[in-house]
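Notes follow the structure.
Order of writing sets the chain letters: A, B, C and D. Residues in each chain are counted from 1.
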Amino acid sequence: MTDPTYTSDDIMTIVAARALEPAAVTFVGIGLPSTAANLARVTTNPDCVLIYESGCIGSKPVRLPSSIGDGVLADNADAVIAVPEIFAYWLQAGRIDIGFLGAAQIDKHANLNTTVIGPYESPKVRLPGAGGAPEIAANCRRVIVTLRHSPRAFVEKVDFITSFGYGNGGDERDKLGLRGGPTDVITDLGVLQPDPVTKELVLTAVHPGVTIEQVQAATGWDLKTSSSIVETAAPTAGEMAALTALRNA
Amino acid sequence: MTDPTYTSDDIMTIVAARALEPAAVTFVGIGLPSTAANLARVTTNPDCVLIYESGCIGSKPVRLPSSIGDGVLADNADAVIAVPEIFAYWLQAGRIDIGFLGAAQIDKHANLNTTVIGPYESPKVRLPGAGGAPEIAANCRRVIVTLRHSPRAFVEKVDFITSFGYGNGGDERDKLGLRGGPTDVITDLGVLQPDPVTKELVLTAVHPGVTIEQVQAATGWDLKTSSSIVETAAPTAGEMAALTALRNA
Amino acid sequence: MADLVGLAEAIAAHVHDGDTVALEGFTHLIPFAAGNEIIRQGRRDLTLVRMTPDIVYDRLIGAGCARKLVFSWGGNPGVGSLHRMRDAVQNQWPAPLEIEEHSHAGMAVRWQAGASGLPFGILRGYVGTSLPFHTDTIANVTCPFTGEDLMAVPALNPDVGIIHAQQADRAGNVMMWGITGVQKECVLASTRAIVTVEEVVDAFEPHVNGVVLPSWVIDSVCVVPGGAHPSYAAGYSERDNPYYESWDPISRERESFEQWLAEEVMA
Amino acid sequence: MADLVGLAEAIAAHVHDGDTVALEGFTHLIPFAAGNEIIRQGRRDLTLVRMTPDIVYDRLIGAGCARKLVFSWGGNPGVGSLHRMRDAVQNQWPAPLEIEEHSHAGMAVRWQAGASGLPFGILRGYVGTSLPFHTDTIANVTCPFTGEDLMAVPALNPDVGIIHAQQADRAGNVMMWGITGVQKECVLASTRAIVTVEEVVDAFEPHVNGVVLPSWVIDSVCVVPGGAHPSYAAGYSERDNPYYESWDPISRERESFEQWLAEEVMA
């Protein structure tokens, strides 16, 4: 990061917020996805509908939630319902436009791992596991992924597919009958998107001051670059102010 | 009926109310079952829990409900829930002690018909159909049936099994894995109960002033009589007063 | 996002000849006004889905709007028969009426499956009864863990789901409370959804069994006070039991029904 | 009908060595006090069921109460890892911990099936993931109507289900509201049920997403104000986020955890 006025978290959050479509119904995980979704809601996208797996539909939190079941998510929500209904009636039924996921590992075909590093039976690192992610990844119209770039995180093949992206690529996802799939992987260095045919993630944007080589060095496979690669617009003063206000609320 | 002080409806209702066990959780249909269950609740059985298929648990109606979804059933209920839950979480899960059913036809093995008289495809009389009855009959610990005696109602074989009693008798019900089964068929003339082995309905009680021959004449099969047949105790003044008060509330 | 429109406009926009249409409401909150509007607009060949056809479908059937009925209990609650439904089933008047008949439990599971985006749902039901011999949409399924046999029923996913609720807010969210039946599932399972409401309020209050449906799962919200009459809307009206009784003579003969239709709906 | 008893008495009566036990509550209303009481009573060989093990199960696992964990997301929410759970899975300390791992959607369906008296439930889930290769309780099932393949998961039916709710009334009925997760299903799916509550009230008021469980499906109701700390009870307390953060250093090392256990639970 060459610009000292924003952090890598800031730009990831702001780029993710920009990726939300107007009025999209968004299934939000806690942490950076939640910050990004709420940033969009209080700035450019007041009509986006935030859904949290704890059962909150249309959450309008007055401060950032510190957990998926934070009371502020329920307080001003349009509806609060039981967890089985959130997954069956809302997510599985295909009512969600955008799913917003993080991951510990992602691979070349956008499969996500939040379960285990190393063998499942004798793990090197035991991670939290699936939570809502597998069905968010399967049932939303599109999925946005945010995670920090590193060769350990961006790997040729994930150790465990917690959430299916494109499998081994090509039409594998379609053949399984899954909706959507990851469309944007937003990192601290840039943005990766799947090739329309092979579904291999390619670099489509670099953040200001980041070189393609830096991103390639932080990626555990031979990362290809889109012919139409762009530089991310730097966070504006307005975006930064809104983000700061949100964090301090 | 020889006693002019009560009607056949009165004695059916009062005998049915007496058949409710203390504090039993009772799944109640509208009409006579509801009157009987509420009579029990306001007299001898204040702790019985009345459940209506409209989603009311622990109803304590201040007057008799005129429909299964009457507002008085919800007003003082312990809980009001959605209809899918009533059937799945409460009835199917086996939480109900007693189911209370009526019928247009009943046969020798206590199978009930509320669907059609004559062939299904070209009915002589099209009746309302199943409603909640098949699963009430299948899932309660025991079932009490009330209907008026006539040879057209009490038949050798029902035209259509809407609600399974004992099939062709014997252990057929057990083999199907169904709970309970009808234990009491309360009519305007007496009470029929299944033989413990054959499951054929036999006459176990006649109401005051009714002869065994009268009941047999009103039954469309060769009705057997229990060796321990009794005469129903006549409605007491207290029961009649409570029933009248309930109807006028 | 729901449009706030008139009922005639909503029905014209969303209910077409040949559609599968569900008007739900379990004794409480039955969308009668919407049913009458469908009759007025002369819709034909509808497949009507509803647990309890009630008077609302007796009218639609008698008026010749339906070619098929999917249901689980077809009586006039507290009164007796639905004569127009019976006349259609027994005598094909005014048109033949195909029926697909379930139990309440089965219909409830079908609604849940439809709202869940599943092709079917399972239950312990129908065992030993005659229903599976006459209803194609009942099948066996085996538990892959215990080997136990259960019954399966297919999801309900109508073209249009119509319900009546107590309130909408200014954003077009809808709230109902009290006995809410399968109405949430009906809206969520249907491709298009119309909700008639008693009134529009600034904000919802909590209620016993309060159910909120967000604006973006509803196509049209129509303010129709009393739109559930002769059924009722808790907090707004009582069930008109004498009306249910009066329906018996009105509907018993074709002539009296047609006179009622001409005077009360088509006039 | 629920007995109103002390927490120690309720746990002693209903939680036995070797039982399958579920303490549910989705971030909100987690029954922490009941979890500590199980530790205090020295229960062993428990199969612990819970969507999000959270600190409540990190403690039980670290204290050696568990032999198996059935779960879907095992982190310290908003903070990081559950170190005691990780130590048990990676290093078998203090005892080997068998795990049965699902997704939230799968666990929710398992709870619904358990509450419904069905042996299994169905969902569109797990497709393409590695979970079915490591979890026996995921199987295929085919729709008898469409031929479509779906996933099946078996019902959850613990010996004991334990939840925390805001209120009980004097008859032992229980009310919770706000984010209620799978707690209704947990109580209904379990053979025995214990509910800890913030207080006993004369009558319940309506609340957003208010859920009432009647007395007769609960075995013991225990008044334990603050019994959900460090999680929260809407209307009574806020989530203690600093505590969740402080759990990280407490639980990171065996020694610091055992010291905490001795001082805060066993003392």
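Worth a mention:
The rule is simple: a residue touches a chain if its C-beta (ideal position, glycine included) is under 8 Å from a C-beta of that chain, and two chains touch if they have at least 3 such contacts.
Everything numeric in this text was worked out from a predicted model, so none of it was measured.
Interface comparison, A-D versus B-D: the higher count of C-beta contacts falls to A-D. Our note on geometry: chain A versus chain D, Cα centroid distance of 28 Å, whole angstroms. Spacing of chain A relative to chain C, judged by their CA centroids, is 40 angstrom.
Contacts with at least two other chains are made by residues 79, 88, 92, 139 of chain A.
In chain C, 112, 117-118, 123-124, 184-185, 208-209 are the positions where the chain touches two or more neighbouring chains simultaneously. Pairwise chain contacts present here: A-C, A-D, B-C, B-D, C-D [touch as defined].
Across the interface of their complex, chain D is touched by residues 30-31, 53-56, 66-71, 73-74, 79-84, 86-88, 91-92, 115, 120, 123, 125-135, 138-139, 160-164, 167, 172-173, 176-178 of chain A. The part of chain B that touches chain D in the complex is made up of residues 23, 25, 49, 57-58, 78-79, 88-89, 92-95, 139. On the chain C side of its complex with chain A, the touching residues are 1, 112, 115-118, 173, 184-185, 188, 212-217. On the side of chain C, the complex with chain B involves touching residues 26-28, 51-52, 71-75, 77-78, 81-82, 85-86, 89-90, 101-105, 108-109, 111-112, 123-131, 134, 178-182, 184-185, 208-209, 211, 232, 234, 238-239, 241, 244. Residue ranges on chain C touching chain D, taken from their complex, read 117-124, 137, 139-141, 143-146, 148, 150, 152, 154, 205-210.
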